[in-house]
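Okay, handing you the structure first.
Chain IDs A, B, C and D follow the sequence of writing; residue 1 opens each chain.
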Amino acid sequence: MKDLTRDDLTAVIQPRPQESHKGTFGRAVLVGGNATYGGAIIMSTEAAVRTGTGLVSVITAKHNHSALHARLPEAMVLDWTLTRAVSELLGTATVLLIGPGLGLDSHSQQLLQLVLQQQTSTQWLVIDGSAISLFAQSDSHLNYPEHIVFTPHQMEWQRLSGLKLTHQTIDNNQAAQKKLGATIVLKSHRTEIYTTNEQYRNPLGTPAMATGGMGDTLAGMITGFLAQFPDKEAAICAAVYLHSQIGEELGKKRYVVLPTEISQQIPRFMKLAENINKKTKGK
Amino acid sequence: MKDLTRDDLTAVIQPRPQESHKGTFGRAVLVGGNATYGGAIIMSTEAAVRTGTGLVSVITAKHNHSALHARLPEAMVLDWTLTRAVSELLGTATVLLIGPGLGLDSHSQQLLQLVLQQQTSTQWLVIDGSAISLFAQSDSHLNYPEHIVFTPHQMEWQRLSGLKLTHQTIDNNQAAQKKLGATIVLKSHRTEIYTTNEQYRNPLGTPAMATGGMGDTLAGMITGFLAQFPDKEAAICAAVYLHSQIGEELGKKRYVVLPTEISQQIPRFMKLAENINKKTKGK
Amino acid sequence: MKDLTRDDLTAVIQPRPQESHKGTFGRAVLVGGNATYGGAIIMSTEAAVRTGTGLVSVITAKHNHSALHARLPEAMVLDWTLTRAVSELLGTATVLLIGPGLGLDSHSQQLLQLVLQQQTSTQWLVIDGSAISLFAQSDSHLNYPEHIVFTPHQMEWQRLSGLKLTHQTIDNNQAAQKKLGATIVLKSHRTEIYTTNEQYRNPLGTPAMATGGMGDTLAGMITGFLAQFPDKEAAICAAVYLHSQIGEELGKKRYVVLPTEISQQIPRFMKLAENINKKTKGK
Amino acid sequence: MKDLTRDDLTAVIQPRPQESHKGTFGRAVLVGGNATYGGAIIMSTEAAVRTGTGLVSVITAKHNHSALHARLPEAMVLDWTLTRAVSELLGTATVLLIGPGLGLDSHSQQLLQLVLQQQTSTQWLVIDGSAISLFAQSDSHLNYPEHIVFTPHQMEWQRLSGLKLTHQTIDNNQAAQKKLGATIVLKSHRTEIYTTNEQYRNPLGTPAMATGGMGDTLAGMITGFLAQFPDKEAAICAAVYLHSQIGEELGKKRYVVLPTEISQQIPRFMKLAENINKKTKGK
């Protein structure tokens, strides 16, 4: 198991090509946010937008549209009951995220199944939060597991892998990952990442980040990094590292760090990483 | 009657355990906010979230959901007419707050009765604002008065205790507290706290804080402190002190201090208190 | 005609009494904001809250409640179609403001008539924006003109006084004021104030403030000053001066100053004025 | 083709006349924002307000009103299904903008046709986003092409001009402009402006600006500049330059710059330009 370092972040944050446009940086489509958990998808969206995703669209309960636009007019919204339009929009994505605030009812399950069925061979898909539980209780099939990232916390990982908390050892986790074929971002106070070929541990993080919505923000950051950066495994690792790096930095002055405060700092911390990236190359 | 001091705050604000997650810091469920007083429950929610409560859910009129999410996606919301879901959500709480902007109609009374009946022996319950008046005019019974905090201003205390303003002396207040069995946070320009064993006076506070919503913010802070810190009496005192400490500090540069401005400063002031806590222990 | 000076501001901004509560600083009820002009009443509300009014309630189209709470949970809201509740709420006010974004239809006229009829001998009433035009085209009677402030711009003053723009000389304006009996705040790039006994001119102001909503903000500030300060004529003059003082100061760094930016600075500038007030008294 | 320089900006940003009021700085009416793309018209509105337009009204889906007011009470809103009121409001404008988030359905087309038919000889009209595509697929006629600005990106320009991306050379673009008779702001990483008499290239811009909504913000800035400044060709050039100037400056500290962050800086950067304008004249 490799510990992530600052280099894992800075190697990913390349200077953007001069001749580029928003299409160069991907189109993310996020699915989640029911009547009760609308805040979750809003937090994911803020993270995805502020990482620099070219275009971000959000498929969510109509109820959440106004709050989302009040915070962030940069994102587009679609009422998640409009099945045909939902289906069309999914097709335009380069990266999909489903789960934050999605809920556990039958409509949520239908949306998950739609996403799983429609995923194309070029699309990456992040499965987070209640979508992990929904997946675990369904007998769904992953069409492109090698393009899928699960971001469970330990209880969700138990549902997904069948491993009780006390059995979630590195070896057992890796074996479960092998069966699924997808990348696993196992969130805890020291997050671990399991891919087919490698294991990573995030050495950063602070208990000031132990507050609701932190995972939604991380899911949005991973989505945004997958949208822009070519090396997907490296992008996932970099997003995980950056999330905690910002949290630690903010935590020096705050007893608790809010997820939306993390998001606001993303562009600044990515710039710092880019500057190091440039210097390293200059050598 | 003991005057609260900075030590009463710093003793409470322990460094968070490294191996923790949002569940470590409690789950608060807040009930309030009708069509007219929705701002009150929003202000309580901001305070509860920013003190570092692990998870915060808000049971409020649907009308208020969008504004709450626009300000604070970190909180979850539930339409307060969905009785069954309300009842289930109450059961998940470690701390309950009822009252800010609750109103005085029959639905408000029903919600209060539901909360009083459902309170379990491990849950703390803060009763604020119109819920105090509703309680006073009902013949309700407190199941676990030793886990209940009332936060009346002087008129509400009159309704609750039967003591007219001119009779609200320390001795009379203490006698009324004994009858109720609950902790009383009696708000005024020098707030007093009555518990079964002790009396405290808050020496801080500034007339710059004399503006609508200040009490809603305080109620949210007490809720958040009860959610996280093990010594409940000390937690209540610390929240009262911190609220005024921030108000005084902001009041040095402002003729009036808004309740939401207090909330924004909570994480920073808690960090300062934690730093003193660490130093003191280091000695 | 007297030019307003800094002393006219600082003499009004007394230190607040230590033993005070929100009731000490008045209760303002604001009426306005239809489906199109909701922003106007929001801007007035922000100004009234930030001047330090004890309690602020807003009677407005339901459509505007969510946006208002999203910006400012400190204010209470009431759907302006609920006639009985509206009537009751008006009765609780120490100061009333009607007009910002009120519109010109029959419902707006009914609200104005309700306010005019219900005004009590102790309530101050500010009549702004479309309420001035509505008043001019009605044959309404002012019950307590000595407690009324009109805040017209020059076109509205023409409607109210019958004076064409070219005839709006000091003498003609004063004669029109005498007939009305109310205080007139005649807004222009150098605002003039006409009371029964005196005339004032505001020497401050910058074209950076020439943007929609500036008058709504001023109306809210006058309302907030009337709510708190005992000398009403002085309070009106002070609010007018402060509005432009903040605008000029912000205008040094901005080509245009938004009304909501003025409001955000009110508490800070009032504190500066209070500090001068204290020093002056100390001599 | 002339490269734009800082002088093209500072020459336009004149000090405002002392004796002015909001009417002096124009009235902009913006049309756009359907249920999915409401954020686009919100971003245009923020840009138009912050450039200093005297009055800004927004004709948009009712769905978007609350979010718009939550962010920016300075703008007025009108439900775009109220055809008669829409038609009246269009008549009051000095500048019109149609397109951001307008969508492509029949109602969007009707609104575009209404705007094209109602444009008067004194009104300027900016046609952006989906309105360009709608125009291209209709057989509409431009009544006052000399008062029209199209702001296409390269794909929209293909639809409008019939020129495929590889054929979009300066000469071909100029020939297409001649046929249309309108000013063309052809957006790319180096935006070009084609008028009847001149061609300009914007040398500024950064890939940090390659994110959704940047064009909506630019359209709002052009609209605001047309509303206030007498030399319209110069105003368009200045708005294009300023947009990128702010983006470059913010991009020094951020890996990605959000459109709404650009808008927030407009008043400050316009002030800097005005200061240079004054100094230049002082010589």
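Going forward, a residue touches a chain if its C-beta (ideal position, glycine included) is under 8 Å from a C-beta of that chain, and two chains touch if they have at least 3 such contacts.
All values derive from a computational prediction rather than experimental measurement.
On a Cα centroid basis, the chain most remote from chain D in this structure is B. Different-residue interface: chain A and chain D share under half of the residue numbers found at their contact.
Per-chain CA centroids place chain B at a distance of 49 Å from chain D.
The geometric centre of chain A is 34 Å away from that of chain B, both derived from CA atoms. Counting partners per residue, chain D has 66-68, 70 as the residues that reach two or more other chains. Within the complex, the chain D residues that touch chain A are 35-40, 42-43, 46, 63-64, 66-68, 70-71, 153, 188-189, 207-208, 210-214, 252-260.
Within the complex formed with chain D, the chain A residues making contact are 13, 16-22, 24-25, 49-56, 65-70, 72-79, 266-268, 270-271, 273-274.
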